[in-house]
Amino acid sequence: MMSNVTLSVNLCNIPLANPTILASGILGTTRELLKRVAENGAGAVTIKSISTEPREGHKNPTVITFEAGMLNAVGYSNPGVDAAAREFTKLQDINAPVIASVIGTRKEDFSRVVEGLSEAKFSAIEIPLSCPHTPGFGLLAGQGTPDATFAITSEVRRVTKLPIFVKLSPNIPEICTIAKAAEDAGANAITAVNSMGPGMIINIDAQKPILSFKVGGVTGDALRPIAVRCVYDLYKAIKIPIIGVGGISTGRHAIEMMMAGASAIGIGSGVYYRGIEVFKLVCGEMTQWMHENGFNNIHDIVGIAHG
Amino acid sequence: MVEQPTMVKICDILEESPGVKTFFFQNNLPFVPGQFIMVWIPTLDEKPFTISYIQKDIAAISVLKRGEFTHALHKKRTGDLMGIRGPYGRGFDLQTGLNPCIVGGGIGMASLATVIDSLPDVTIVQGARSASEIIYQKRFPMMKLCTDDGSIGFKGTTVDLLKELLKTQTFDKVYTCGPERMMYKVVELCKNHEIDCAVSLDRYMKCGFGVCGQCDCSGQRVCIEGPVFTSAELSRMEDFGKITILKTGERAILYKH
Amino acid sequence: MMSNVTLSVNLCNIPLANPTILASGILGTTRELLKRVAENGAGAVTIKSISTEPREGHKNPTVITFEAGMLNAVGYSNPGVDAAAREFTKLQDINAPVIASVIGTRKEDFSRVVEGLSEAKFSAIEIPLSCPHTPGFGLLAGQGTPDATFAITSEVRRVTKLPIFVKLSPNIPEICTIAKAAEDAGANAITAVNSMGPGMIINIDAQKPILSFKVGGVTGDALRPIAVRCVYDLYKAIKIPIIGVGGISTGRHAIEMMMAGASAIGIGSGVYYRGIEVFKLVCGEMTQWMHENGFNNIHDIVGIAHG
Amino acid sequence: MVEQPTMVKICDILEESPGVKTFFFQNNLPFVPGQFIMVWIPTLDEKPFTISYIQKDIAAISVLKRGEFTHALHKKRTGDLMGIRGPYGRGFDLQTGLNPCIVGGGIGMASLATVIDSLPDVTIVQGARSASEIIYQKRFPMMKLCTDDGSIGFKGTTVDLLKELLKTQTFDKVYTCGPERMMYKVVELCKNHEIDCAVSLDRYMKCGFGVCGQCDCSGQRVCIEGPVFTSAELSRMEDFGKITILKTGERAILYKH
């Protein structure tokens, strides 16, 4: 019955069996977890962001949820590039392309990490310039400006032939300007978006913010309309493909994001809402909807809401 | 439900041993033996602890004083607040009608205590370094004890004692919690005797609900798929008994960190 | 039992029976509705924003909800200052102070409206410089900069002796700088925050954004952590009081916002979540919590999360 | 539940009169007679319409071609989609065991139709400007008709006809919907006869769920507290029969806008 529907996409010449991608920072700590996510149907998987040196990140609590989404300030805990290079080997055994996420404080850090990971068989490099809650990185390091974006992207372009995905913040009114700077510097896709805010949740009985870093990035349902709007705006502004991320946990959400203009979609908080099998579930729901609505090729819905 | 700490009042504190205190609090969460909660001390930190007592409207955690966080917890008094969220994880699959053995090492007894409460006629082995570290002696008077220094009970490890017991009797199932190297040996021993084990693992945790990936053990999330795993599952988990994951996410050889 | 607990606050010398304020744009279209909200327990009420000329606003759909909140692009429909001056008479019959909300495209518009409403017995003037979805106003007119905020606030200060509340956007990273500009220009309080975004929701079966203006401001639960963080930051940055608005629908939410630093709180979307009686409900829950936690005076919880 | 339009397929269209079409769609919403839905034509506009047929799994709206929106609706064909959200509002409080009269003016009959379906033995008065505007003639063959031009039935308004009827019989309750000036007169007439009325009001609407304040009638939100009000409620609503609120929020004298 549904044999005519295909979800496969070609993202910057990376063939994906379907457009769902594990977002960075969710379950991407180990090779084995990436493998498991791929087995659960993700079209591609992203590792948790890696810096030059190991980082313990913020103290707990680092991840909580609220009625409308999730709040996190993990603080980019990661084992550093050397340990990461040891962890992420034999990626060809993983049944989906693996995307490396690379962070840094100065632009040279980005290229150092990219070079440090060059032996591993990553399919693309994602650079988030947009974390709202880690001193020294992302927005708190001024990386969310057109100039910084251009400089960092150019630096990464210098050292790798892999596709580069630049991940942007939904906070910044000039998201299109920044995306264009990334495009001009040779980025191959834009990942939109990172967590928004930051936000704060106070436990009134403790009279204290819950997160140890006090503030954190908001993700999940709360973020979805903002992310969809960012993708809609970007679709008009840039030529390179967009990976839409933010609040996706159902097939309908995924289709909405693609209709706004995303060529593929990321899932993070959705792993909490529907379990690790969220990728399979979303793909099943997308296939079902496409079947019922006479679409055979997922490509045909990309940007359709602009028509 | 939201994954946020709720402040509960500590309504009673029990000194189980010089190093271990049990903190009782009122609540009506649906705990299953082996499940854990994340305990929050505002502005300090948040860590996982097994529920060690499940009573009507009251539950408790038993805490070994170890580092900064457990020191701070040990300073709490009756009436003080602490934050809790949970219950989290997959607890023990309790099969009645079997002839089980409980093997607890040190504070690992905390997660086995509610198993003992739930099953009739269990054999209990508790091991510690010395007599002063033994806990729950009044609670479970029938325990078979062992200590490294022989200051009470059998002189030797829980593995040694279990080996002794298996010479004269047999068990259908072994529930174990304690240092991972000990549990690894228990599982090996039981494999030779074709006894199924249920093993509660300890990994550093952040979210507790399966998104951060911090608690990975060979692709299994200890916070969700665990903390309790069966022998069969563990046989597919290469890291068991060998590798843990540090706060940074780096792999580390167990007991070297 | 609970007789010792008092919720009354003094906001810029305006005595409020309790700190809940009807936010602008919700039910504030007519004098009779304001009266009804006051009868339902609001400590103060704000009228829907008024411009110099009548405006029809955007076409429908203008207000929808989603899993995590509300999305609106009403587009500042309002009858213009002359009709508003006729509508909002005999305000002393309303059992709570009434706050006028005044908008404009150029700064002279603001003073014209304020002067046009000067006969009515408003207790304060609120100027939202922060709407994210109405061309010619707020963020889309560049009013969310320190300079524009200073200029508009000064202009309003010139023509009124009433307390001025400047209402800011949660979108803008430099919210504290803008609040300081408002403070320097003579604002008496900061209202934080207006709706965030904008966001977009696409109906995938229609393949179109639902709002006729395509994008709209996000409010409700989704906004709360962001609003709490804004208030927390503002509390450290400015001396004038803060009215915390965003996602409040329970007593716990209200207390959280006040612990972050708000002297009073606004309720908008909460009218949907809990009905027009939300004000009474929130006050009851606040009283209950204060009673149980040994607080007699609501003032004592303001900013307590900073301790 | 979220307040967003769901696209439904128009499964049947009935021409009720030259100016009125009924659009049937499948759904399983729990409609109460007198409630309305917001109907969305993507990129065009969204307006409130009463549910005029409630059947198992199928409902319908009856639409008078008036302005841009209803012209666009009238162009829809079977199989086309339209967006709906709702049901909204407080419908009619149906009291069985009474002897009620239904008084409908023009398209106002749409919201009374499901009342008629729900109550046994009702007297029905429908008024229109002329014969061609009468609707539901086959559906309710027992209707008493009146027209301004006398082209069918009684020559005169519904108020005139009701007055006539009241000379020879009595009613316990009157359900009415139509032009507000007509309804105002019906309520006045019934007041003299001590008959309770249930009146369905029409105001320009935006949200439909009680937050925007657009649909105010003397402090009552027609979308939530209404659209149906009782005589007692209306007696406290000064705007009834006199004032409506324009899109801008400006008050306007009814029938002058």
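Lettered A, B, C and D in written order, each chain numbered from 1.
The criterion applied here is as follows: a contact is a pair of C-beta atoms (placed from the backbone, for glycine too) under 8 Å apart; a residue touches a chain by one contact, two chains touch by 3 or more.
The chain list, named the UniProt way, goes like this: B, D = Dihydroorotate dehydrogenase electron transfer subunit.
Because the structure is a prediction, the values reported are computed rather than measured.
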| item | value |
| --- | --- |
| Both-way neighbours, i.e. chains that touch chain C and touch chain B | A |
| Distance-maximising chain from chain D - centres being C-alpha averages | B |
| Computed distance of Cα centres, chain D from chain B, in Å | 67 |
| Whole-Å gap separating chain A and chain B, where each centre is the average of the chain's CA atoms | 36 |
| Centroid distance [mean C-alpha coordinates] between chain D and chain A, Å | 51 |
| Chain A, residues touching no fewer than two other chains | 66-67, 201, 205, 207-208 |
| Category of the chain touch graph - line, ring, star, complete, other | line |
| Chains grouped in pairs wherever the two touch, ordered by label | A-B, A-C, C-D |
| Contact footprint of chain B on chain A as seen in their complex | 25-30, 32-33, 35-36, 48, 54-57, 59-67, 70, 74, 77-80, 83, 86-87, 201, 203, 205-208, 210, 212, 268-269, 271-272, 275-276 |
| Chain D - residues contacting chain C, complex | 2-7, 38, 40, 42-47, 81, 83, 85, 205-207, 209-214, 216, 218-219, 221, 245-251 |
| Chain A partner contacts - residues on chain C that touch it in the complex | 66-69, 71, 139, 171-173, 196-202, 204-205, 207-209, 214-215, 218, 220-226, 228-229, 232, 247, 252, 255-256, 259-260, 289, 293, 304-305, 307 |
